[in-house]
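One chain, chain A, links the two complexes that follow: it is found with chain B in the first and with chain C in the second.
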Partner chain A sequence: MAKLRRFWGWAIASMLFRLALIYFPRNLNFGFRPEIATPVTSLRRLAEGYWLKQSSMSPYAGSMYHGSPLLLSLLGPLTAKRFEGQPSHIACSLLFVVADLVTAMLIRTTGQYLQSAYSQSLKHLNLMRHLEASAFHPAGDIAALIYLWNPLTVAACVGSSTSPIENMMVALSLYGACLGLSPLAAFGWVAATHLSLYPAILIIPVILLLGYGPDSPPRKLFLGRNFGSSGYESLPQACHFSWRPAVYFILWASIWSFFVLVLCSISLMQYGGLFEMFRRTYGFILAIEDLSPNIGVLWYFFAEVFDFFRDFFLIVFHVNIMFMILPLAMRLNHRPCFLAFVYIAISSMLKSYPSVGDSALYFALLGWFVNELADMKCSFFLLCGYVGVTLLSPVMHNLWIWRGTGNANFYYATAMAYACLQIILVVESVSAMLHHDRTMKKSISQS
Partner chain B sequence: MATADANAGVPSSQPSNPKPRPIVRIGTFLISHSALFSLICCAAGILALFLLPVLAKNTYVSENALMPGSANPMFSNHDTMEANRLVKDIMDLKLSSGIAGIEISNLLGKYMRERDADVYHHNFHVQKNQFHLGNFFSDSSYSWHMKENRSCSQYGINTVAIIRAPRGDGKEAIVLVSPYNSTNIRLSDALSLGLSYSIFSLLSRVNWLAKDIIWLAADSQYGEYASVAAWLKDYHNPSFLDSDKSDDCTCPESNALLSSKGQPNTGGSRFNVFRHAGTLAAALVFKVVDGKEETKDTLSIYAEASNGQMPNLDLINIVNYLAVHRQGLHVKVAKLYSVLNSAWLRTVGQIFEFIGKTAKIVNPQWGFGISAADYVEGTATLASSIYYQALGIPTGSHGAFRDYQIDAITLEMSPRFSLYNEVRRLDFLLRGGRLLEGVIRSVNNLLEKFHQSFFLYLLSAPSKFVSVGIYMIAFMLLIIPLPMVAASLYSGPNKRESSARTNNENPDTAAAIVTSSGSKSWKWLHAAKVVFVVHLWAGLVSLIPYLINQLPERTPTACMLVWVLLSFVSLIILYWIAGSPYSYKISHQSPNMEWAILKAVMISVASIGLGLMSIINYATAQIGAIFMVPMCLLAHPLKHAGNAGKLRVLSLTTSNMVLAVIGFPPAALLLVKGWLEGFDGVSFGDFWIWAETLWTWNSATYLYLVLIQLPCWVLCMHILLHP
Partner chain C sequence: MGIIQPVMIVALVVLGCFNLCYGGEEFSEELLLRPLPDRKVLAHFHFESTTPPTKDYGHHHHLFPKAIYQLVHKFRIRELELSFTQGRWNYERWGGYDPISSSNAKPPGVELWAIFDVPLDQQSSGSIRYGALPREAVCTENLTPWLKLLPCRDKSGLASILDRPAIYRAFYHSQRLRITSNEFGSEGIEPGIDLEQTLTIVVQPDDQRTSTSYSSGKMLQPDWSISSIFGRKISGTCVLARSSSVFFELESTLVSELNKLGVDNAASDGDQVYPGVELSVAPDQVIKERKSSSVLFEFSVKKHDYKPLDIGVKWKYPIVWSCVQAPFQANRFLMGSGNERGSIAISLKATDHQRIIVGDEFRDKCEMRVVIFQVVPWYVKIYFHTVQVFLDGRLEHTPAVIEKIQVSPSEDRVSPGVMEIALRLPCSTVSAVITVNFDKGFLHIDEYPPDANQGYDIPSAVVRFPDIQASTYYLGDNSSRNSPILSKFQENNPVLSYTEVLLVPLATPDFSMPYNVITITCTLLEKLLSSPDFVQVVQQVERKITGAI
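Entry: the complex of A and B
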């Protein structure tokens, strides 16, 4: 009970912290930072799109807005609302604070569910000694607190970018999938994909989650243990793929996407319809049209590359993500939530307009596996690296853009360092997870 | 750093891998001998710092388009007469104190209009810089200015004239600034106005101008910087809404005077309209001082802007080239005169001279030796260059331009003879005029912004510089031991523990291994928490002056006392909330290991902080590193020093105590001040006064001291007092 109260205390404190920061937005200017507001997620651009639409023009006119038309209808009226004496966009900022809280709650519940399911399957394997020996941390609480107190999340929330909403949709989808609620999972997945395209690859972990249930030790361990004693039927859910929720999910996903598309086409009826939307949102993301600096690695590359190689490299970079999907899915299919974390980390590294909001999400998901990843290597180095890069990036930007004494290479160097850190994080966490599986296998064979 | 830290966790956890990659082996080798290597690196860093004057290169004009001195000067004796006429007129003005400024600016306006220039008077209010957190690094275009109570008492008038270039498109402009004190005008001020005017009138006649010329006669009664900064702010952020109204309302009499005197027919408002030329390509601040030099007419160049930013080296190059080779002036940059007479520096110089000579005997092509006198001279100049950059306070009104990415320098001319000597004065004016004309003509040739030459450099003589590629070596050598020692401290306990574990390992307790290895990988969490709390506290400490500034009737000593008191109280409160750093004890973590890990985390954070600071302001980071690196490396608990020999314990303790004193910023300042000026005049409030100057100038040095050096010192204290 005391723990619960402590959790809520910290959660409320984080909300208050955000509100305090929202009240001084002009001192911070987070909304202008390229690390926080990308061309796809910037709320300033959304306000511009809304203004265009209000004056009976296509919201996509003039290459300012590149988000979803539905987001425009939801958030647009809020951007136009002004209160006397209050900072502009305060309504939206409050909405983002709420979105962050909801995301944290979803992450917490999912984490708690994951943990209880995991201890169930450990019991099944007679590995309870694991649980008793190691101090089992409350993974859900930790993940939620990481999400709420991560400076990157706070910056993304205060800096008026729409990534809190996108993160909420991803969390919703994973939550629905964990609890076996196909319609909810499908809704989250469709909404997240509609908003930022890259969560589309989460369809694999979501289906695996629905089919196999939440993360568990490797399936071979169950098979080796249980065949002798009681036969195939008594195996936990994790060992056979149940098709029914997966099919439901696909059905619901098609229903939801049909629904979303209809809404979009109604919203854009006079302005070129769905084709215009696809061209200006997904086309903008895939073709990397905006080469203004961000923390990703692609803008500099595509600013330098010769025009006739451009298409080739576009394909190479996007297929890069695709190449990693299948092997990872095969190796980690017994841990769909961890797979989702890896996918999100990889896509936030290779996406065309990354922002710190993406890293905020995968750090929180990392919190789910705090018990499994206890012996992750390089953790301290990663912390130092992230702190260093987060501080260095604005300084380099200042040196390049405002002082004029640096150049683009200075800033791009921090972007590359950031990408390297993400690679190290993914590699180390995956190898720690596999190592954990191996230890478990060893301890089973010993006993 | 990457390899060193990445390897920190590797060696113990992969016993099965018999032969790691070479880079890993190099890393482990370096880490295992970190004490030796850090000693070598630190010594090399200090040596490299002293070698900088030897390594300085001669400057050269890098941008071809500049072509300094390629045209014959058109500035003639006729123009000097013109200048003299204005000087006489200014000095003849009956200067009653109240309206003197207006009289002069009206006179200037009259002269400027004779040359068919666009003239206007720029009224400005002096805004006293208050402590405001958002001001650090805030870019001028986004910065948020507080509305303050404007009063007529702090009110100045700049007179501005613009010549439109006959060959230009009006997109670029060169600024000529001549500051003068309107309340107490002296002959030197009048001369700089006169000379600027004669240049201006010459430029209004020439046909080669491709950039507009703006002449800003800056009213410097509230400081040179304030007037120029106010004009630049209005130039770049035109305010359409309230400025005219408030100006007219608050100070009606000054406006009335200005308008009635100037042009009674057309009405004064015409001359209050702010006019623009194009983007400002470069700016020259021109001053005459009555210096009485010994041998030659002298030109002093001041270039340091806020936070150690410098103008492009090419600008200094052309000025230096024209002054030395065309006008025969003696060119100076600032020096630390106290360094010049130091005996040990001369000895160091003689050693370097000897080495250089010996090297020349061995191979005649090695010409790196410089004479001892040159070395001392170069060191004094370099020291002043580093000092002014580290302070982060601009050395003149040129600093205001750098905030808008405009290259600017101050040229300060002082004649050999008295300024009242009429004949000599004309000759002096001729030289100064030709120099200015040459520089403006050269800058006028530019096709793009200054970009060819260096922005990051230190001057060791007017014609010698040390570029970023060289001075960074000294800094890097000094800072490399930090990540190395952090890695060795971090991996040290790991090894000890794993070896202990292999000795008494029980094959059955697989789960126990999982546990212990888990806490091993994340064992830094507690230390990180302590470091984080201390840094959070430092952030609070940096904000406390904002509160103190709200107090009425404050003296520096009282402010300092309140600051220290509040800092101390907030530290205690934070520990009460987050738990004291010594409260954490778990059975398998020995106290020895605990402080080692705290030290590792502290050192990593310190190296991140120093690295960041070296990018923001190299000079601050260099000076800070000299204090901080030994303090970080030598920190050792006083209670646990007992294992080694007695001499070693004694020396370690003494050096720790000494470093603990000089590592604390206020103590260091007081010591330096006492050493330079005698300990009688030192008071407790001095640090407050100093810090106040730093934040009124938005110097990042303040942030460095409070956010990086102070928490590092506090953490060192923690380690020293570790139970």
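Entry: the complex of A and C
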């Protein structure tokens, strides 16, 4: 009970912290930072799109807005509202704070469910001593608090970018999939894909989650353990794939996407319809047309690469994400939530317009596996690296853009360091997870 | 040679006869000279060729340039104006209210606009095109083709005094070409094609006298003549020209100052037209303006054919006057620092002349319409929702001031952004400032010009006062005078002024880095793909698959 009270205390404190930052003197200017507001998520661009739509032009006219038309209808009126004496976009900022809280709650509930299911399957394997040996952390609370107190999340929330909404949809999808709620999972997945395209690859972990249930030790262990004693029926759910929720998910996903597409085509009726929407949102993301700096490496790459090779490298970079999906899905199919974390981390590294909002999400998901990844290597180095990059990136940007004493390479260097850190994080966490599975296998064979 | 020469003469005579007999085409050349308050001189050349419509006259022309005729027919041009300008017209000192400043003062660089006669089924794309190249350097290579359009080139007539060094030494010079055609329209007052070529230059005459300053601190205006400005005299007309004349203009404000002088210094010499000013050649005609009492002295070059014409001015007394300005003086500047974002501000400051135009009694009630037209290149990404209007330093509610706002947002790498704002300002406004925010775009390494760190120019904004017309009406019989330049001045043209060109620096990538960036980024990705654990994952999966097979 005391733990619970402490969690809520911290959660409320984080909300208050965000509100304080929103009301902070206006020179904070988080909304202008390239690390926070990308061309796809910037609220200023959304306000421009809304203005264009209000003056009966296509919101996509003028290469300014590249987001969803539905988000425009939801957030647009809020951006146009001005309250006397309040910071601009106050209504949107409050909405983002609420979205952050909802995401944290979803992450917390999912984490708690994951943990209880995991300890259940460990009991099955008589590995409780394995659990008790290490300090047992409440993963859900930790993940939620990481999400709420991560400076990157706070910056993304206060900096008026739409990534809190995208993160909420991804969290909703994983929550629905964990609890076996196919319609909810489908809704979250469709909405997240509609907003930012990259969550489309989450369809694999979500289907695995619905089919196999939440993360468990490797399936072989159950088979080896239970084969003699109690027969096939007593195997936990994790060992056989149940098709019914997966089919339901597909069904619901098609219903939701149909629904979303109809709504989009209604809202863009006079402005070129769905084709225009796909060209301006997905096309813009895939073709990397905007070369303004962000924390990724692709903007500089495509600003420098010879025009002749542009298409080739566009294909290479996007296929890279695809290339890693299948092997990882086969190797980690017993841990769909961890797979989702790896996918999100990889896509946030290779996506065209990354922002700190993306890393905020995968850091929170990392919190779910705090027990399994306890002996992950390089974690201190990673922490220092992230802190260093977070501090250096604005400095280098300032030197290049504002002072003119540095050049583009300075900022590119921090972007590369950031990409490096993400690579190390993904590689190390995957290897730690595989190592964890191996030790479990070893301890079973010993007993 | 002995045979060719008479043949040529015969041919010329025949041609000349042809011209006179079937004279549908006309050409005229005129030059206007005007002293400016800041000791400079404005010289405005005006050449005009007209041809009757094709359906009456046919496709063949004797005077009218073939290139222009073919251009008009190929692109179905209704109106076209192309100007090459170096320097900026100083609206404050050289005036902003007369026909020359509102229709001949052009923005620096090249400006081109055209109205096409578009068939009805293609009308969706619009029939007006506008383009500007603010950085274009203007030189003799632009002047030569322009001169080639004249029937006499610069071999004789008024164009023969166009001395290149004199033109390019000038503070401001603008060569302009304007085509008006009624070939395709059904109705029209003057059918046919009208080609108007003007060259406007502002030069500082060499002051031969040591500038003696008078007790009052006033400086004597420099004496000048055509030969002292251009180094040549007008030695005859272009034989193909219907009319060929030179005008010397004294502005209304100058005339009233001169009249005051006349009262003070009653003793007047014989040859003076006005007290204090002495012309070296007696004018053939004196024309007075109806409204503002400015005076034009006309010199017909034909009458001076026997000896070179060299009009000169001598000033007897120091005199100070100022030109009539537009109701608002328009300036434009950039706000903000850094290469990420900024704002463009267009400021309108009420001039003294506003009171004269509007009148004191109407100041509180009336409203003045101002239209601002602005084209921005795509890498200056304007946020149109951030348009703000400050009247006398106070932020105004935009719908109350902005009558209409029409935008066509820029498309990345495709089209520039266009913004037209119609403001309705109370006449009592002293200053109005319009601001709009923008983000600076980042270009591909190949899209930067050779000197990337110099920055990019944003074309001038056009500030138009649609309610106020800059036109002059001359007393006397206009039809007998039949001068194209004067009839141009009498047309109703809204007062127009151009703002400064803005220089926007953009952030640049490191131009020496393409190979490094490609290799380093690819190495980074390879790091992910080749990390031992991922290799292991892939190998295991491979083994599984091969095992299954």
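Just so we're on the same page, the second predicted complex is superposed on the first by the 446 of 447 C-alpha atoms of A that agree within 3 Å, B and C clash if a C-alpha of one lies under 4 Å from a C-alpha of the other, contacts with A are read in each partner's own complex, and residues count from 1 in each chain.
Simple rule for what comes next: a residue touches a chain if its C-beta (ideal position, glycine included) is under 8 Å from a C-beta of that chain, and two chains touch if they have at least 3 such contacts.
Predicted model only: the values in this text are computed from it and were never measured.
In the superposed model, A:Met57 lies in contact with chain C only, and not with chain B. By the touch criterion defined above, A:Gly404 reaches both chain B and chain C. Contacts of A:Leu383 after superposition on the shared chain: chain B is touched, whereas chain C is not. Measured by the number of chain A residues touched, the leading partner among chain B and chain C is C.
In the superposition on chain A, A:Leu74 makes contact with neither chain B nor chain C.
When the two structures are aligned on the shared chain, A:Met324 is found in touch with chain C, with no touch to chain B. Using the contact criterion defined above for the overlaid structures, shared-chain residue A:Met396 touches chain B, although it does not reach chain C. By the touch criterion defined above, A:Asn29 reaches chain B but does not reach chain C. Within the superposed three-chain model, A:Val305 lies in touch with chain C and out of touch with chain B [touch as defined at top]. In the overlay built on the shared chain, the residue A:Lys442 is in contact with chain B alone; chain C does not reach it.
Once both structures are placed on chain A, chain A residues 32, 402, 404 are touched by chain B and, in the other complex, by chain C. The residues of chain B lying in touch with chain A in their complex are 2, 5-6, 8-10, 13, 133-134, 137, 139, 142, 144, 309, 405, 449, 455-456, 490, 507-508, 510-515, 517-522, 524, 528, 600-601, 604-605, 608, 611-612, 615-616. Within the complex, the chain A residues that touch chain B are 26-29, 32, 129-130, 133-135, 374-381, 383-384, 387-388, 391-392, 395-396, 398-399, 402-405, 424, 439, 442-443, 446. Residues of chain A that touch chain C in their complex: 32, 34, 44, 47-48, 50-52, 55, 57, 61-64, 80, 289-293, 297-307, 317, 320, 323-324, 326-328, 330-331, 346, 349-350, 400-402, 404, 407-409, 412, 416, 419-420, 423, 426-427, 430-431, 434. Those residues of chain C lying in contact with chain A across their complex are 337-341, 378, 381, 383-385, 405, 407-413, 417, 439, 441-446, 507-510, 513-514, 517-518, 520-521, 524-525, 527-529, 531-534, 536-538, 540-541, 544.
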